[in-house]
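Every chain is named by a letter (A, B and C) in the order it is written, and numbering of its residues begins at 1.
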Amino acid sequence: MRRENLAPTQITDIMKRPFSPNRRFVERIGFAGLTATALVTTLPIVGTIVYILIQGAPAISLEFLTSFPRDGMRAGGILPAIIGTLYLALGVSIFAVPLGIAAAIYLAEYASDTPLTRTIRIAIINLAGIPSVVYGLFGLGLFVLFLNFGTSILAASLTLSIMTLPVIISTAEEALRTVPQSFRTVSASLGATRWQTIRRIVLKEALPGILTGVILGLERAVGETAPILFTGAAFFLPRLPNSPFDATMALPYHLFVISTQVPNMPVQIQYGVALTLLAFVLTMNLVATVIRSRARAKRQW
Amino acid sequence: MHKIIIESLSLQYSDGTESLRDVNLSIHQNAVTVLFGPAGGGKSTLLRCLNRLNDLAEVKASSGRILIDGENILDPKIDVIALRRKVGMVFARPVPLPMSIRDNVTYGLELAGEKHRATLDEAVERSLTLAAIWDEVKDRLDTLAVALSGGQQQRVCLARVLALQPEIILLDEPTSGLDPISTGKVEAALQELKKEYTVVLVPHSVQQAGRTADHAAFFLQGELVEYGEGKSLFTAPKQKKTEDYVTGRFG
Amino acid sequence: MEKSLTWREFIVTRAIQASGYSAIVFVALIFFFLLREGAPALTDVKLSALFSARWYPIEDYFGVLPLITGSLVVTIGAMLIAFPLGIGTAVYISEIAPRWIREILKPLVELLGGLPSVVLGFLGILLVSPFLRVFLDLPTGLTAFTGSLLLGGIAVPTIVSVAEDALDAVPRSYREGAWALGATRWQTIWYVTLPAAKSGVLTAVMLGVGRAIGETMTVMMVTGNAPVLATALGSWFAPARTMTATIAAEMGEVANGSAHYHVLFFIGIVLFLISLGVNVAASSVVFRTKKRAERILS
């Protein structure tokens, strides 16, 4: 982060300005305001989660999780949506995880500060910023139509993969960079090639950080709807997809469908789906947090 | 017999620092050659040239030749990996790799493709013994190396280098962080080592230089000021600058 | 160069290098396919018609202005909410909060960033919009304002985390200097810490804008989806429709290759260019080449 430089004289000037007797009082008011702001930001998060938990819990049952929807999705379970989301997550793991980690290795271990490297970094920043619905358009143009994969799990997970890539790359690169440089020097001095050093030392040490990145990336992919709208999401499927070229139901899209497209939808099922989706996301978030803090605790350097 | 012949070596880092200027120096086989002088003199830089570890640093320009057994190791075509196995290095700060003591010692051999368990075990015992630490760690070879004391870590680092059976051992202020007892053990180990290896040592004090040197070279700001066979540099320095430094009147 | 590269080392190195370059390839591919499908919009629809005020595709009215103003209204509204909340929370976390509160707040805010936007949209429909309809006495609770409110929540985590990083990077000595001169902590925050971190705070806001303008599902679900040109403040409390929501809502129903299809891709190009602009601008403010701090071991 770049810092503006403040000359010491500037600071003294500033200090002289509000030398009013009641500045302690101003400070107290200010702090109270900031504390309130923080509460306003964070309480709704807790509230939201608790509320969905309370409203959704009664809907959750083994049957709900393991059976097919019935009566135009107004009854029955959500098995196909759960399985579909798992398939998409699997697809992203297959495509984005190795590619993202390799790209992070390139940036952290191989790339020097050249114009090409800077271009790569700008490209990654851009990938991170492109609206998710634009990814949907791109996936439609390239995977569904041009490559003729059709509206399919394959097309959807490729689209999600590219969207997830920047998350994985940035976190993994950061993790790789925290591995002390001295390990690399020592390893090289013992006759290791660059890749040997990476594989035997650097990757092993950065693994928790990389895993955190992967999980955060998957978390994002699992919750997204817009990129799969036109690339792989199915409104309703009476059976499970049986090839990567089939379209699939997915939890976030299903929640969208039953909360906007289906009239007379029982609210309880809506909350049940929201809770299931939230459970996916929260679990991943929790796992990532646990991995991170445990790794920090047992780090030897 | 000269193991290493350095001919008009100059080196400049990319931030503009000229760390070595026209250095000419020959280093004897089976002896301890000491490179000493004030900080910033280019001693570490020179050591890192000898195993091409400076390939990892940001070097702008370098010129000259370094012949080891007659082969110019600065030649871009030489096998750097093989060179680094032949020229081992111990650093000022002990850096145990994040693994067990045993794995630290066998790391280099495993990189080289050695898989034979017996060979590895034999190397562990031999090199830890040579580094004078076998008795202290033989019962806990599978504990993490970072758990050892600094002095023990440094000797494990030495053993790690010895496991590769190099021909030349470079030590860059290896005892700078150690207590006197550990320092004594490392110095004693060096006297053993020179029977088989060529040792180049950057000592962390003039006293250590005097204690350990078979030959000595005095470096000041990137230049080799004076080189002396035996302990002549400490008893009868020819250059005023050298004399000032060894008598402690410097700076 | 290291000479004893075995063939394996060689292949691995090449694969890693290619993966590194892939990010550039993907951005190029995205732009190419958007252009390929979106550029024909310019021949299908006259430029003047494209930038007119009527969006009614069934009768071939493809004026994107209402969508652009829709996006603007919703986004500006979101930032009005997210900016004070985000910066305030960032300042609270980095300057005031005791350690244990920080350890709770940071993951919580991160969690908000991870909440799927459909879930927020869902709650928006079920809770926020009925509440607003009654509370503000509106004909419908599905308005641009509802979208702004929820989008604000979505932009907050981005703003908090970037701004908090920036505040964290202000050296402690600045603050200690100010305290030593008798400033209160409150004065220090306003006159020393925040000004010193202002470029980072600016980046935070820009990234927040980028996040808000690109958000799709929440907006589509709660803004009422009426493509009406926003002209007055009242538009904020009326239904609106953003560019992202239009694409999401209509792409499923158009015939491939039709004018409507091309125009939706054209809107995609506009969004792509906006996010490109925002992100390049944001990153150029804080472009720190992460240089290795340590020198080679010696």
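Here is the rule we go by: a contact is a pair of C-beta atoms (placed from the backbone, for glycine too) under 8 Å apart; a residue touches a chain by one contact, two chains touch by 3 or more.
None of these values were measured; they are calculated from a predicted model.
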| item | value |
| --- | --- |
| Chain contact graph, described as a line, ring, star, complete graph or other shape | complete |
| Chain separated most widely from chain C, comparing mean CA positions | B |
| By count of C-beta pairs in contact, the leading pair of chains | A-C |
| Innermost chain, taking as reference the mean of every protein Cα atom displayed | A |
| CA centroid of chain A to CA centroid of chain B, Å | 47 |
| Centroid distance [mean C-alpha coordinates] between chain C and chain A, Å | 15 |
| Where chain B and chain C are represented by their mean Cα positions, the distance between them in whole Å | 54 |
| Per-residue multi-chain contacts in chain C, two or more chains | 2, 4, 296-297 |
| Residue numbers of chain B (touch at least two other chains) | 53, 56, 81-82, 91, 93, 95 |
| In chain A, residues with contacts to at least two other chains | 180, 182, 185-186, 193, 196 |
| List of chain C residues in touch with chain A within their complex | 2, 4-6, 9, 12-13, 15-17, 19-24, 26-27, 29-30, 33-34, 36-37, 84-86, 88-89, 91-93, 96-97, 105, 107-112, 114-123, 125-126, 153, 156, 160, 165-166, 169-171, 174, 177-178, 181-187, 189, 191-192, 195-200, 207, 210, 213-217, 221, 244, 247-248, 251-252, 256, 264-265, 268, 271-272, 275-276, 278-280, 282-283, 285-286, 288-292, 294, 296-297 |
| Partner chain C, residues of chain B touching it in the complex | 44, 48, 53-57, 76-82, 91-93, 95, 172 |
| Interfacial residue positions of chain C with respect to chain B in the complex | 1-4, 295-298 |
| Chain A - residues contacting chain C, complex | 1-4, 6, 8, 11-12, 14-15, 17-18, 23-24, 26-27, 30-31, 33-35, 37-38, 40-42, 44-46, 48-49, 51-52, 99, 102-103, 105-107, 109-111, 113, 116, 118-138, 140-142, 145-146, 162, 165-166, 169, 177, 180-182, 185-186, 193-196, 216, 219-220, 222-226, 229-230, 252-253, 255-256, 259-260, 267, 270, 274, 277-278, 281-282, 284-285, 289 |
| Complex contact set, residues of chain A against chain B | 180, 182-193, 196, 200-201, 204-205, 300-301 |
